[in-house]
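In what comes next, chain A is part of two complexes: it sits with chain B in the first one and with chain C in the second one.
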Partner chain A sequence: MMGQGRLAAWGIGLAALVALPFVYRDPYHLHILVLILIWSFAYTSWSMMGRFGLVSLGHGGFMGIGAYVTALLWNHLGLSPWIGIPISMVAAGALALIVGYPCFRFRITGHYFVLVTLALSGIVLQVITATRDYTGGSLGYTPNRTSGNKLLALQFDDKTTWYLIALGIWLFGIVVWHWVDRSMARYALDAISEDEDAAAAAGVDVTAEKLKITLLSALMTALAGAIYCQYQMFITPDTVSGIAVSLQMVFAAIVGGLFVSLGPTVGAIITILLAETLRIGFGTKAVGWDNLVYGVLLVLFIIFLPKGILGSLLDRLKPQRKVPRAHEQEAVQIARPGT
Partner chain B sequence: MLEVNGLVKRFGGFTAVNNVSFKVDEGEILGLIGPNGSGKSTIFNMLSGTLAPTSGSIVFAGHEIAGLAPHRIINSGIGRTFQIPRPFRRLTIFENVALAGFYGQGRHSRARAEEAAERSLAMVGLPTDRHASVDGLGAAGLKKLELAKALATAPKLLLADESLGGLDEAEMDQAADMLRNIRDELGITIIWVEHIMGVLMRVVDRVMVLDHGEKISEGLPSAVAGDPRVIEVYLGTDAETTQAAAAEARRRAGG
Partner chain C sequence: MQAFLDIFDIYLLEAVINGILLGGVLALLALGLNLIFGVIDVTWICYAELVMIGMYGMYFMVQYYGISYFVAAPLTILLVAVLGAALHYLVIAPLLTAPPINQLLATGGVLFVLQSFATVAFGIDFRNLGIRLPVLAFGEMNFSYARLLSFVAALVGMVAVYLFMTRTFTGTAIRAISQDRQIMALMGVDTRRIYLITSALGGALAGLAACLLVLQYDVHPFVGLSFGPITFLICVLGGLGNFIGGFIAAFVFAEIISLGGLFSDLEWGYVLAFAFFIVMMFIRPAGLLARRR
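After this line comes the complex of A and B, so read on.
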């Protein structure tokens, strides 16, 4: 339940975020904020299924499909991103269903599921690199600059526009997160993550529920990839696809907090600031260092702070809501005569 | 209401259930007993769809359900409990039962699910408080929760799997009465799998005895308790305990 106070806090926070680019115009800082918002959305998309124990290392693949399919359709067929993005999302969704269905139908869970999705990431990366005649391979790919309508091409020069688009996308991700969190599907998925047979005995169609959340997560991740591509106007397999990107999603979501809506956002703030600090501080000497830091931090967090930074912080701040244990309640009822 | 014919389940070379046939009439409580490994739980798992039979047919309310996915069987009106309670610890007690009410009835209506949850929790005597955690429940409480989850799926046939293991005598009697109430008040037909023969004999209308995956006896509790094959196979070799248990069973069944 969202109280009045929390709703007001969200409202004020959002108003401040919308107003920000109109009073503060430093392009570099706005650039960082746009990146944080887009990646937050990608991490939130990952956490949609990650929070239910469906740990996917295939999301780099979905993000890559979102970015590359949109850009390829634009360059080769002249298809506007307004059509290209939905097509790329459908492509990522179809792939998610093709990989997800056999996994869920034949009960491939836990480590084995992680390995299957890892392979998915690798395959998408290989396909992008191998079809270098079209995708530019590991050198990267640039959508053609439009000479016509910028809105139709979804290409904007000013940072303020992009900031607002990214903010809208990010907010959309948070809203979807809350929508799932309050739905019966969340109960079902929590139940499935604990005990599939017992969930099935409660009438839950286990395969269908897992497929639905996987599909949602993949669609959103592809959207994140497409938006990232439109903003950066340059993509390489390593920045939007592949295992490194997948791992970065896992890292950010876990470090920020898997079970709170703003957890992945906190994760994005940390990953982006870390990457920027390393880039500015050490330059080309530090290429790949961020992955090293992610790895070490991930191990530390899983051991010492499994709820993530925001999750643990909220637990600390919130006075423990005293929930009467069931047996205490029974005792109360027995002690109360006439009930 | 339920008609099982020539049910067989093999795991590799091992035959867990061998050519078992039986019928359950509407409104009756059928007891299913047998020593460990006699195939009781395997039969339950096939009835509820957790396992697909190797061969044989299961006709429930006029429809063949053998081999259907568990959620379809649950939606068609069969509810089950597990031998060892399997609560969802990430959910509250109320959410556990509401989940079963939402998906189990096949209607996907939140209002109906919450209504079913309140009714089922009240029926088994658990608090309907929405925030109570599963962690506070003891063995008896977990069994009740298991039963409430099954009831929330609005079953016509309830498969109750060894629901009394781990309870003391008073709790056992209470649980047995609860099953009878469920039949009497809600009109739910029940198949009850149980190790503890005495309590079971008092409540059931008919008993079926399994041994090594085969049906060795079936009939009224008093008749089955006196069946020498049952005494020999089910109650084991220790003659004194056997006699005492059989006498106890007869006494309970008669009284």
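After this line comes the complex of A and C, so read on.
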């Protein structure tokens, strides 16, 4: 699929990324890079669903489950994250199936689907806050520092190690994105996002296909949450779960561009750099100003650049390459509930 | 044992009645959201945040400027109504032809803006009105007067909206547009004006809800998150745009939250409500009152 030139470009780019922390060691910049890579992975996970018109605002919930289950198992049962992370992923996946199955089976699409998933992330936030005896509630939660094997506890003090882990995870996300992009499921899902009835008539198992992609997306998002927790060593319900996190994922993916593999990554770079610049620019005294500007910019983005930055750029660069399909001409098209 | 049962039943009854009272306010919120959705085909994710702004409005008017509650309430309703109209004019109107998801996300951006605006302007402290309404004792049950007042006011608000929708020309036009968006423009109805009025009306309902909620709950910038999700669930369960469905669903949910809160924490009531919602999706996927096709 990929041309020789593009493959070479990927290879060189990756080599440069791997080499970077050995040449450049500024801890703050490395920290920002790690954050960008981890969130890029989360945004990529979201976009794998989002590009097929399955706009989920429940991913904050999956991410919160990934982070909290891993941390809770570590602190209370002493279970290594190497076992805890798969368990947390299974938990998030199970929740995705429980919510996803009735939605897809009974054709809950469009606004309905968005609202159901939105409520899901709200509820996960409520549960984390409600179980404050275990999770510390809204004050946040810290996994215990290990005194033993760092590798077993997946805790490293070294930024370079984390950078390489995050890079690996991010690359994994991109590879999965391409794998989905080239699979038969992609065509099935494209067909479903165009017209569910027609796809079903053509022999596509609508419910199963949607469930598969939702499950994959939820599992990866939970992984992102767990990795974020292991890296930051401090999580609060607001930073890893809830509506704000879900919205942030959607925004970043839209800002970057939904239909290109690097779109969510570009979105993560832009949104995190923006948030970071605003945070530093306004300083610690003016809490909230950064988010205020951030929110205004996001609204402006959606009004004036709905296809995303990378998407618009690529369109301009190669307009003659292929005729865009109907659903790619708009950011995301979601089926309206039967009117 | 007998004594225990008696007390238990009293508590149960009290919870049931409190649930009904809570349902009034939830129904009001659901009505506003349903109105916007039914007419403009847009979902305001930031609806609960409008309520939050309204609650702050009440707090400042009553606490700082010493305006009486009953004067401040109409002012707050007006304020949030203007806010709703502004939201439509500034954010939704430019996106009316955009894909629905973009409209949804734009209001999500407004949610960010409103929350951080409240954080910047008012800080993250919990504030309350400082009005302590008496507790109504009825038999051995205690009801907060605030809840009773909220319930009655919410009902009055809903009846007023009903009368407006059925008895006035503008209301009729709003109902007509919700049935067919294209045709009404051809019939000479100024859809932009109707949209703006509907948004203001939706905002006014949020404002009324704010006036009532501020009596019972503390205000903080993230207060919207505690009843926003439940409002969305109510609207979906009742069928988006279905006013009566939303009304019934609001009471069902309020009962679940209230009874769940009786046996455990309030947050677990929410979780129970969500579980119930998932089950209901299997049974009646298109909403409580959907006609089977």
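Definition applied: the second predicted complex is superposed on the first by the 299 of 339 C-alpha atoms of A that agree within 3 Å, B and C clash if a C-alpha of one lies under 4 Å from a C-alpha of the other, contacts with A are read in each partner's own complex, and residues count from 1 in each chain.
The working rule: a contact is a pair of C-beta atoms (placed from the backbone, for glycine too) under 8 Å apart; a residue touches a chain by one contact, two chains touch by 3 or more.
Here the structure is a predicted model, which is why all the values come from computation and not from measurement.
Asker: Once chain A of both complexes is superposed, is A:A15 in touch with chain B (first), chain C (second), both, or neither?
Answerer: Neither: A:A15 stays clear of chain B and chain C.
Asker: Touch check for A:D190: first (chain B), second (chain C), both, or neither?
Answerer: So A:D190 only meets chain B here.
Asker: Looking at chain A, does chain C or chain B touch more of its residues?
Answerer: C
Asker: Quick check for you: in the superposed arrangement, does A:I83 touch first (chain B), second (chain C), both or neither?
Answerer: A:I83 sits against neither chain B nor chain C.
Asker: Could you say whether A:A130 touches chain B, chain C, both of them, or neither, answering first, second, both or neither?
Answerer: The second partner, chain C, only.
Asker: Of the partners chain B and chain C, which touch A:C103 in the superposed model: first, second, both, neither?
Answerer: The second partner, chain C, only.
Asker: Contact-wise, after the overlay, does A:L273 reach chain B, chain C, both or neither (first, second, both, neither)?
Answerer: Touch partners of A:L273: none, neither chain B nor chain C.
Asker: Of the partners chain B and chain C, which touch A:I302 in the superposed model: first, second, both, neither?
Answerer: Only chain C; A:I302 stays clear of chain B.
Asker: Following superposition on chain A, which residues of chain A contact chain B and also contact chain C?
Answerer: In chain A, positions 330, 333 sit in both the chain B and chain C interfaces.
Asker: Could you please specify the touching residues of chain B with respect to chain A in the complex?
Answerer: Interface residues on chain B, with respect to chain A: 48-50, 69-71, 74-75, 80, 82, 86-91, 93, 95-96, 98-100, 102-106, 108, 110, 113, 126-127, 129, 131-138, 141, 149-150, 153.
Asker: Mind pulling up the chain A residues that touch chain B in the complex?
Answerer: For this pair, the touching residues of chain A are 184, 187-188, 190-191, 193-195, 197-206, 321, 323-330, 333.
Asker: Contact residues on chain C for chain A in the complex?
Answerer: Answer in residue numbers: 37, 41, 43, 45, 91, 94-95, 98-102, 104-106, 108-113, 115-120, 124, 221, 225-226, 228-230, 232-233, 235-236, 240, 265, 267-268, 270-271, 274, 277-278, 281-282, 285-286.
Asker: Could you please specify the touching residues of chain A with respect to chain C in the complex?
Answerer: Contact set of chain A toward chain C: 55, 57, 98-99, 102-103, 105-108, 110-112, 114-116, 118-123, 125-127, 129-130, 242-244, 247, 250-251, 254, 286-292, 294-296, 298-299, 302-303, 306, 330-334, 336-337.
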